[in-house]
Amino acid sequence: MTQTSTKPDAATGADAAAQPWSPRIVAFVCNWCTYAGADLAGTSRLQYAPNVRIIKLPCTGRIDPLFILKAFEQGADAVLVSGCHPGDCHYTAGNYHARRRWGLFRRLMEFTGIDAKRLFFSWVSAAEGQKFADLINAVTDEVRQAGPFDPTNPARKRPWT
Amino acid sequence: MDLAKLRQDAAALLADGRAGLVIGFRERAGACVPAFVTDADQADALVYDDTCIANLAAYLRKPEIRQRRPVALVARPHVMRSLILLKAEHQLQGDDVLVLAVGDDTYHGVLTLAEAERLLNETYADLATDAQVLAEIERLEQMSPEERARFWSEQFAKCTRCYACRAACPMCYCERCIVEKNVPQWISTAAAGHGNYAWNVIRAFHLAGRCIECGACEAACPQGIPLMLLNALLAREARDQFDARPGYDAEAEPVVGSWNKDDDEGFIR
Amino acid sequence: MTTPIGYYPGCSLHGTGRELDQSIRALAEVAGVDLREIKDWNCCGATAAHSLNHDLAVALPYRTLALAEDQGLAEVLAPCAACFSRLKGTAVRLARDPKLAQKMTEITERPYRGTVRILSIIEFINRLLDAGLEAKLTHPLGGLKVAPYYGCLLARGEDIVDDDPEQPSGMERALVAAGCEVVPWNFAVECCGGGLSMSKTEAVLDLSDAILSDAEDAQADAIVTGCPMCHSNLDMRQRTINAAGRGPHDLPVVYLSEILGLAAGIEPERLGLDRHFVDAMRVAERMTERSA
Amino acid sequence: MARVGVFICHCGENIGRTVDCAAVAKAAEAFPGVVKSVDYKYMCSDPGQQMIKDAIRDERLTGVVVGACSPRMHEPTFRRAAFEAGLNPYLLEMANLREHCSWVHEDRPVATEKAIDLMRVMVEKVKKNAELRPIRVPVEPTALVIGGGIAGIQAALDIAGGGKKVILVERSPSLGGHMARLSETFPTLDCSQCILTPRMVEAANHPNITLMTYSEVTKVDGFIGNFEVTVRQKARYVDPEKCTGCGACFEKCPAKKIPSEFDAALGNRTAIYRPFPQAVPNKPVIDAEHCIMLTKGKCGICAKVCPTGAIKYDDKDREVIVKVGAIVVATGFELWDHSAYGEYGAGRLEDVINGFQFERLASASGPTTGEIRRPSDGRIAESVVFIQCCGSRDPKRGVPYCSKICCMYTAKHAILYRHKVHHGRAVVFYMDVRAGGKGYDEFVRRAIETEGAEYIRGRVSRIYRRKDGRLVVKGADTLAGRPVEIVADMVVLADAIVPQPGASRLAQMLGVSYDEYGFYSEAHPKLRPVETAKAGVFLAGACQAPKDIPESVAQASAAAAKVLGLFSQPELEREPIVAKVNEVTCVHCRACIQACPYGAIEDKEIKDSKGNLIRTVACVNEGECQGCGTCVAVCRSGSIDLDGFTDEEVLAEIAALE
């Protein structure tokens, strides 16, 4: 993200403190439900926080824990993972596979020091534009409360020393 | 434990050709080290005691060992679970391996894999996680996320990326580990910072629902990183959330890679 | 069975249903079961309480259940079908609604953890059979044709009765074990008019007459029941029904426990069989000695 | 070296109002690898598309990112333009600057900043994109239709009429299904057999249709365009080539007391039999379970009387494997077993019958030659009670859904009964009357208003048999608010419609999903009601949900249209978003094979030149893979990747967010 002013990394830079920090959130979403739900929020002209960057995958089943690690490594303040409701998966079961994976992986994240407040999971269907907008606002608010992702967290990329 | 019987069985297996190799333990400089016995005469060198922690099933993926199949293996209950799980994951055929089964102060004799599975379910069905490990997990869970991050930051900082943990683990049988994949490179190989975090976390996650808690990885770590905390945490979660009992059923579906309609989703908005 | 089973006789077993009480106790003795009457038990609330005051209707059985629990009884037999329905119904409601349980604790000033299991007469007798009573049935009734009559309370109530409400079969095993032949008939769960027994007796005459007629059509020698209300409607009112120009009926109505008692070789008088309005002693005549 | 072109669309005012498109284009110009970056009012217009095409040629672009609306809107448009300009369409990506940015943010600088981010992500992705070619799968232009009822017959005839081959498999000895058993059909009261049997004959004689009766599907392999289906042909014990259908055998067969399936056990048949006189094929089979020769080894009468020597007692089941490109499932329904209802006699009262039994009583070809005689003693029924919703809409003991056709056929039964027994009483108990459909409500009104059926809104609480043999039906009239008691000679229960027994087993074979009752699930409840989630498998008739005849026929024709559409090309083209296995690093742990929702991954044996097995790896079948990527995420060694969403592409996107 090029909002240089909003980068916590930029604390090393001289002029960084001038601008207030704003959360940076990476969202991994499935193409058929949540991406379409976000489209619907758009066509409905629902206003929501501008802090989320969506990465589209065909299905939540495709979302590897490595994606989440990488996003944190790159300095995301939070990660959101969202897909189809149970029973709605375009691929019949990808979301069930994903749900089980997250059930384990989020425990590991929490245990190794990535606060559960930085990792969000949701089901948003193609019909839930309002839910999508509300979700983004809620997540953004909560991450704002939690503050910037600690630059010294072991998951976080640091300059080679 | 009847060590003499174990030696006798090992010798007999080699002598009548039922096994091409016996992997067990011998003593060297006061410590137990793996022994690879191909000759019946050498069977008397075999020893076994509580300090024999290495999981010998880890050797089965090596081509020079596989050539000598069927291989007989000195195996405690945890190691038998590894073998069952390797079979469930299609890394072993039923007749690739014979087990010289050792249990709590008992020697159970020579077992086929199917017999070992039965023994496990009848006699060793409740292998509990080490109490100290559980206590330490609970202690860490009481901490704030920041404190936990600091704890692991210090632990992972020690990692030299020697991958002894991986070599010691029978379930780390990938020929090209994800950490060695460079197109794209997901995990930095530099022995520092985020690369160490990603490696240790992904190593543990790739064992989620598969770790049988033998402790070989932690024992192998030259830096003393408490890897079993990560493994046992995921083992606990896999058990509590998905009834996972790895290594007790050679027909079981993998925990990650299967699903149930009623899996918990209380954490999903 | 060495663990004692709690016993809740309720009002009717001390009154009109005395033969039910007698036969149950005699049968328990043969089976070697220790029946312990709950000390200081109170009304189950089946009379008027449940139609007048909801709290009272729950509080009455609640107190009895709490007493039973306090007296260390894991199981309680309530032979009267109405008592059974009140006690078990209360237990079910308490289990479903923790708030109600809290309220009852406050009203009765007694704790109840919900550990007591309530048995109906049918469940109790099947339990005795499981525990070896079957072998002690030395005097089978030689093919006595019986129409098992469940009425409402021994067939209905979700989670209260563990049987098919439209075609219950809980009594059949015991009856067959006692050497009876169970006749197929249509009125096993039809209403006897119990609820109108006092207020609108003519309705009872109609309803009970239909039940008796169908049992006779099915060529039953006797109706077997587990409920004192059904029993009094069918037995005591048979004369009135005849006097009203129906019937005429002459069909013995006996308790399940009496049938089992006879089959166990207990003297009919000890079972109270001589206390019936319609002569039931003829049922006892069917007792045979099982050739060993 | 990447040469990426960036095209920012204003979408009139839609994007331009809140996003400074020129500033975005300018910022994108500085991204590494971007050689051209422009903004334009309407990128999707002809001049806009031309701009992209020109740039692809002039700038020798290796990738294009269009910042515009949602890719769900115009991705196909722009990819086609790229293709026309000679660029592989999968080297073009869209960034969603409208739905995900300009429409949801008001602050211009913030929206512009976000738009630049969105562009950077897609530029980084497109630099990693690979050229993909549509996957072509050959199509075997033969269809398999499972089930020879009206739906299956219709589907087969329509496909055959479209010039394609059909194999029609039917489990019983004859085509016709349930419809052949019906007397007359609502709401027109035309004779069921009169309209059905010509279609049965047509299907049997059609040059494009291969009929396999007395046969069952036992195994289904393969995928769309290329199924391999194993069909077990049960032993008929009668050589169909020699048999002339003269009927001498079943006239002489001594095993005569076998309840006829076709007559719903109201009539009997012999051990060598044809289910009904108009059966197609009109040749008997021997029921091995009841045949005296086959069970006891003596008799042989049919062989003696057969003038052509067609009887073969040593006949055996045969399995044949057929190759088909599409499958139409038309396995129909069965009636719920009302013996679960104790209050209706638990199935023990002879004169309490179900709808099919009434159909057979009312049918001129039935066991009573169309007279409404009660089964217990054969007397004409003077009074008949019909009970709707028997098992339907009863979540506790039956099924929670409405069986849809019972209101209509009960009205028909009442009318038919009144036509046949003029002085008889027809009483219908109903919960609601659901008569939506052309001419349907009028039909029910006719039953009530001109045909003299008595409709009582309420449930029946008990049916029992009186000493004189008649039935007493006790119930409630909930409109009048009083109990009713009716003496009847016969009660007809409108049992719920349930799937065929074994429906779930066939579904598992086919890889089709089914609901909790066993009805097959359509791919989309609104927009794809004929397809299943399994590509190449289509649904027709009541195997999907309760349906009447016109609905079944309509769906069958729709399924046939889908099949003909599929068969219109010799090859099937599909989006190349499929998974690929790196066979060098795969260790064959089979996690992907178990995780794949489509069973699209299989074992592949790698052999040396002499044919010795070296090792086994996972292998994705491109025809079956739907591209969800679930396998990729379960592969620990990173040995599977998903074209279109590769690890490299996703990583590039994440990295672009730094």
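Here are a few things to note about the model shown:
The letters A, B, C and D name the chains in turn, as written, and every chain counts its residues from 1.
As a convention for this text, a residue touches a chain if its C-beta (ideal position, glycine included) is under 8 Å from a C-beta of that chain, and two chains touch if they have at least 3 such contacts.
Quantities reported herein were computed from a predicted structural model and do not represent experimental measurements.
Each of C-D and A-D has its own count of C-beta contacts, and the greater count is at A-D. Chain centre most remote from that of chain B: C (centre = mean of CA atoms). Central chain assignment: D. Criterion: smallest distance from chain C-alpha mean to the mean of all protein C-alpha atoms.
Rounded to a whole number, the gap between the C-alpha centres of chain A and chain C is 65 angstrom.
As a whole-number value, the distance joining the C-alpha centres of chain C and chain D reads 53 Å.
Inter-chain centre distance (chain B to chain C, centres taken as mean C-alpha positions): 62 Å.
We define each chain's centre as the mean of its Cα atoms; on that basis chain A and chain D are separated by 38 Å.
In chain A, the positions touching at least two other chains are 65, 70, 93, 97, 101.
For chain C, the set of residues that touch two or more other chains is empty. Shared contact sites, meaning residues of chain B that touch two or more other chains, fall at 178, 186, 256-258. Per the contact rule defined earlier, chains pair up in contact as A-B, A-D, B-D, C-D. Those residues of chain D that touch chain B in the shared complex are 584-585, 587-592, 594-595, 616, 634, 636-639, 647-648, 651-652. Chain D contributes residues 27, 70, 72, 96, 98-100, 103-107, 110-111, 113-114, 116-118, 120-121, 513, 533, 577, 595, 597-598, 626-630, 632-634, 642, 644-645, 647, 650-651, 653-655, 657-658 to its touches with chain A in the complex. Touching chain B in their complex are the following residues of chain A: 65-66, 69-70, 73, 86, 93, 96-97, 99-117, 120-123, 135, 138, 150, 152-158, 160-161. Residues 341-343, 346, 348, 462, 464-467 of chain D touch chain C in their complex.
Within the complex, the chain B residues that touch chain A are 137, 140-141, 145-146, 148-153, 156-157, 178, 186-187, 190, 192-194, 196-198, 201-202, 204-205, 208-209, 229-230, 233-234, 237-238, 241-242, 255-261, 263-265, 267-269.
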